[in-house]
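Okay, handing you the structure first.
Just so it is clear, A, B, C and D label the chains in written order, and each chain counts residues from 1 on its own.
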Amino acid sequence: MAQTTAEPVLVLTTGGTIDKQYFDATSDYQIADSFVPRLLATARVTHAFECRELLHKDSLDLTDADRQLIAAQVRACGYSRVVITHGTDTMTQTAKALAGIEGKTVVLTGALAPARFNETDASFNLGMAFAAAQVAPPGVYIAMNGTVFAGDRVVKDATRKQFVGLP
Amino acid sequence: MAQTTAEPVLVLTTGGTIDKQYFDATSDYQIADSFVPRLLATARVTHAFECRELLHKDSLDLTDADRQLIAAQVRACGYSRVVITHGTDTMTQTAKALAGIEGKTVVLTGALAPARFNETDASFNLGMAFAAAQVAPPGVYIAMNGTVFAGDRVVKDATRKQFVGLP
Amino acid sequence: MAQTTAEPVLVLTTGGTIDKQYFDATSDYQIADSFVPRLLATARVTHAFECRELLHKDSLDLTDADRQLIAAQVRACGYSRVVITHGTDTMTQTAKALAGIEGKTVVLTGALAPARFNETDASFNLGMAFAAAQVAPPGVYIAMNGTVFAGDRVVKDATRKQFVGLP
Amino acid sequence: MAQTTAEPVLVLTTGGTIDKQYFDATSDYQIADSFVPRLLATARVTHAFECRELLHKDSLDLTDADRQLIAAQVRACGYSRVVITHGTDTMTQTAKALAGIEGKTVVLTGALAPARFNETDASFNLGMAFAAAQVAPPGVYIAMNGTVFAGDRVVKDATRKQFVGLP
C-alpha cells in the first residue's frame, strides 16, 4: 500500500557548491545567500516546510564543531523529516556525524554544479532529497547522482566526481 | 535503518506539459521529443535506468486504450521501480488505472511549466519521482508540488493549479 | 572615428513570441506581461532608457489601427533612438508602416523562441536592437538572426523560420 | 536611409568571465572552451561569421604580447567587421592596443556574469557587439552595460562593476 506523509520538512542549508555565486569583484566563486528557497519556489512546493540557513561554508572548511552544530539542530528540531544541503566533498563525513539520531529521516544532498548555472543537478537533487525525506524510514541518507544511498554506504569518487554506493 | 536499493529504474514518458515545446511555425505549443533524457543527463544520474518514450500526448487526449497500454507496459516490464512522466490534468486518472499492480513502486510526475522554460518545476519533480521510486514500498504514487502523494488520495485543484492531498 | 551616443533609448513592446508565457490553465501559450524589462535588468543595462508596454498581441492579430498607433507613438515621442519588440510574422509589415519617419533610428526585433525559454534568441536580439538603435543612422531596421537588416529589404522565410535579406 | 551590410563577421574569443566554467575538481572557476559558439547557435544567427578561439585567459593575465597577438589577428584577417570577447578588467587596455587599425569596425564585449549562468549579460552583450560590428563606422568600440562606447572614451568602474562613458 502506498504510505505517504503530510509531515512538514525542515531544510537546513550549510553552503557548498549548490549555493556558489560568481563574484566579479574578486573574480572568484564564493558561497552566497542560499539559492535553495528559490529552487523550492520554482518547484512550486506547497508541502509544508521550514528553511534555515545554518552555515555558508565550502564543505572542506567544515569543522567538527560545525558538524556538532548541524547534528544538534537535527536532534533538537521538532521535525522528523530533515533535508540538509551540503558541499559534496565531505558530505559522507557529516552523514556519519548524524548517525544514531533516532526516529528521524535525514537526507543530505548538494550539487556538483552551482544552482545558479543553466545546467545544474541542484533542482533534481533537492527534489530527490525532499521526496526521500517524506518516504524513507528513519535513518541518514545521501541523495546524489540519481541514487538515494544509505548514508554509511557511499563514497564520493573524487576522480570521476560522482557518488558511488558501497556493497 | 537506512534501507536503499540499487535496482534500476524504468522511466516511461507519455507527454504532457513537461515535454511541451513552442513551435513558431504554427505559433503554437506541441508536445515534442521528450526532454526527460536531457533532464536526467543534466542531473548527472549514474543510477541504472532505462527511458522509453511511450506516448507524446496532452493528458487530456489520453484514451482508455492509452491507459491500458501504460498499465500493460508497467505490468510486463522486468522493473520493479517505475517513473512515469505524464500531463497533470488526468494524472490521477492514470494513477487509478495502475492500481492493483503488485510488487512494483510506480511514481507518476510531470510539470506545471514546460521543462524547456527557465523557471520550471520539471527537474525537481523528476528528482522526487526518481527518489520515491527507489525508496517507497510497492504502490502507486504521484510526486508533485513537493509532496509524494498516495496515488488514490490526491486531486488536482484546477483553480489553483496544484495537487492537494485528500485526508 | 568611433562615433557613439549617450542619447536615451525608447523601448516599445507590442507582444509577439518574445513575450509568450505558458498557461497551464488553458494548456496554451499566451502573451503575458512583457519579459523585456527583465531581459534589460539581467543584461545590467545602465544606458538611459524608457520601456512602454504598448500592446500585448500576436503579430498576426495586429490591425492597421495598431500599426498607426505604433507609428504615432514613435513619431510623437521625444526620443530619436527607438527599439520595438514585435511578433515575427508581420514585423516587416510594421517596418513598412514606420517608413518616412524622419530623424529617428527605429529598430524592430523579437524572438523565434519565447524569452522565458532556456534556449531563446530573445536576449541576443534585444542586444542587437539596443546597439543598432544607438549606432545606426536614422531609418527603420530589423534585427533578427544575427543581422541588422534595412527594414524594407528583408522578408521572413516562413518555411525555414528565419529572416532573409533582399539584394 | 537605412544602411546595412551583409559582410561576414569575425569573432575572436580571448577568455574572460564570459567563458568561465565551475570545476568541482578544484572547487574553482576556470576559463573553459568558449561558450560563444553556443550563444550564437542559440541566437539562431544565420549571418555569415567565423569564430576563432584565440586565447583562454582572465583579462588580468593578458600580457603585452597577447595584446600584440590580438591586434595582429585583427590587422591580418580579411574581415572588416570584428567582434572580440574579452575579460572586462582590462578590456579598455586592449581597446587602446587596437587603435589605429584602419578600415575596420572592431567591437569588444564580454560579460560580468558567466554565460553558463541562468542570469547573465552574455547573450545581450554579444548581440550588441554583433550588431555594432555591422552598423558602426570603422573604429574601436566597447559594448557593455547596454551602451556602445567609443573604445577610447570609457572606463570600468571597479567599485560599481560597470562601464562608464567619459565625456
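Heads up, the rule we're going with is that a residue touches a chain if its C-beta (ideal position, glycine included) is under 8 Å from a C-beta of that chain, and two chains touch if they have at least 3 such contacts.
Just so it is clear, the structure is predicted and the values come from calculations on it, not from any experiment.
Trainee: Could you name all chains that are in contact with chain A and with chain D at the same time?
Mentor: Of all the chains present, none is in contact with both chain A and chain D.
Trainee: Round to the nearest whole Å and give the separation of the Cα centres of chain B and chain D.
Mentor: Distance between chain centres, rounded to whole Å: 43 Å.
Trainee: What's the distance between the Cα centroids of chain A and chain B, rounded to whole Å?
Mentor: The computed centroid separation for chain A versus chain B comes out at 24 Å.
Trainee: Counting in whole Å, what is the centre-to-centre distance of chain B and chain C, each centre being its mean C-alpha position?
Mentor: The separation of the two C-alpha centroids amounts to 38 Å.
Trainee: Multi-chain contacts only, two chains or more: what residues does chain B have there?
Mentor: 112, 118-119 - these are the residues of chain B that touch more than one other chain.
Trainee: What is the complete set of touching chain pairs?
Mentor: A-B, A-D, B-C, C-D
Trainee: In the complex formed with chain C, which residues of chain D make contact?
Mentor: 1-4, 6, 39-40, 42-47, 49, 112, 119-121, 123-132, 134-137, 139-141, 143, 145-153, 162-163, 165
Trainee: Quick check on the complex: what are the chain B residues that touch chain C?
Mentor: Within the complex, chain B touches chain C at residues 17, 20, 22, 24-25, 27-29, 58, 60, 88-89, 112-114, 116-119, 158, 161.
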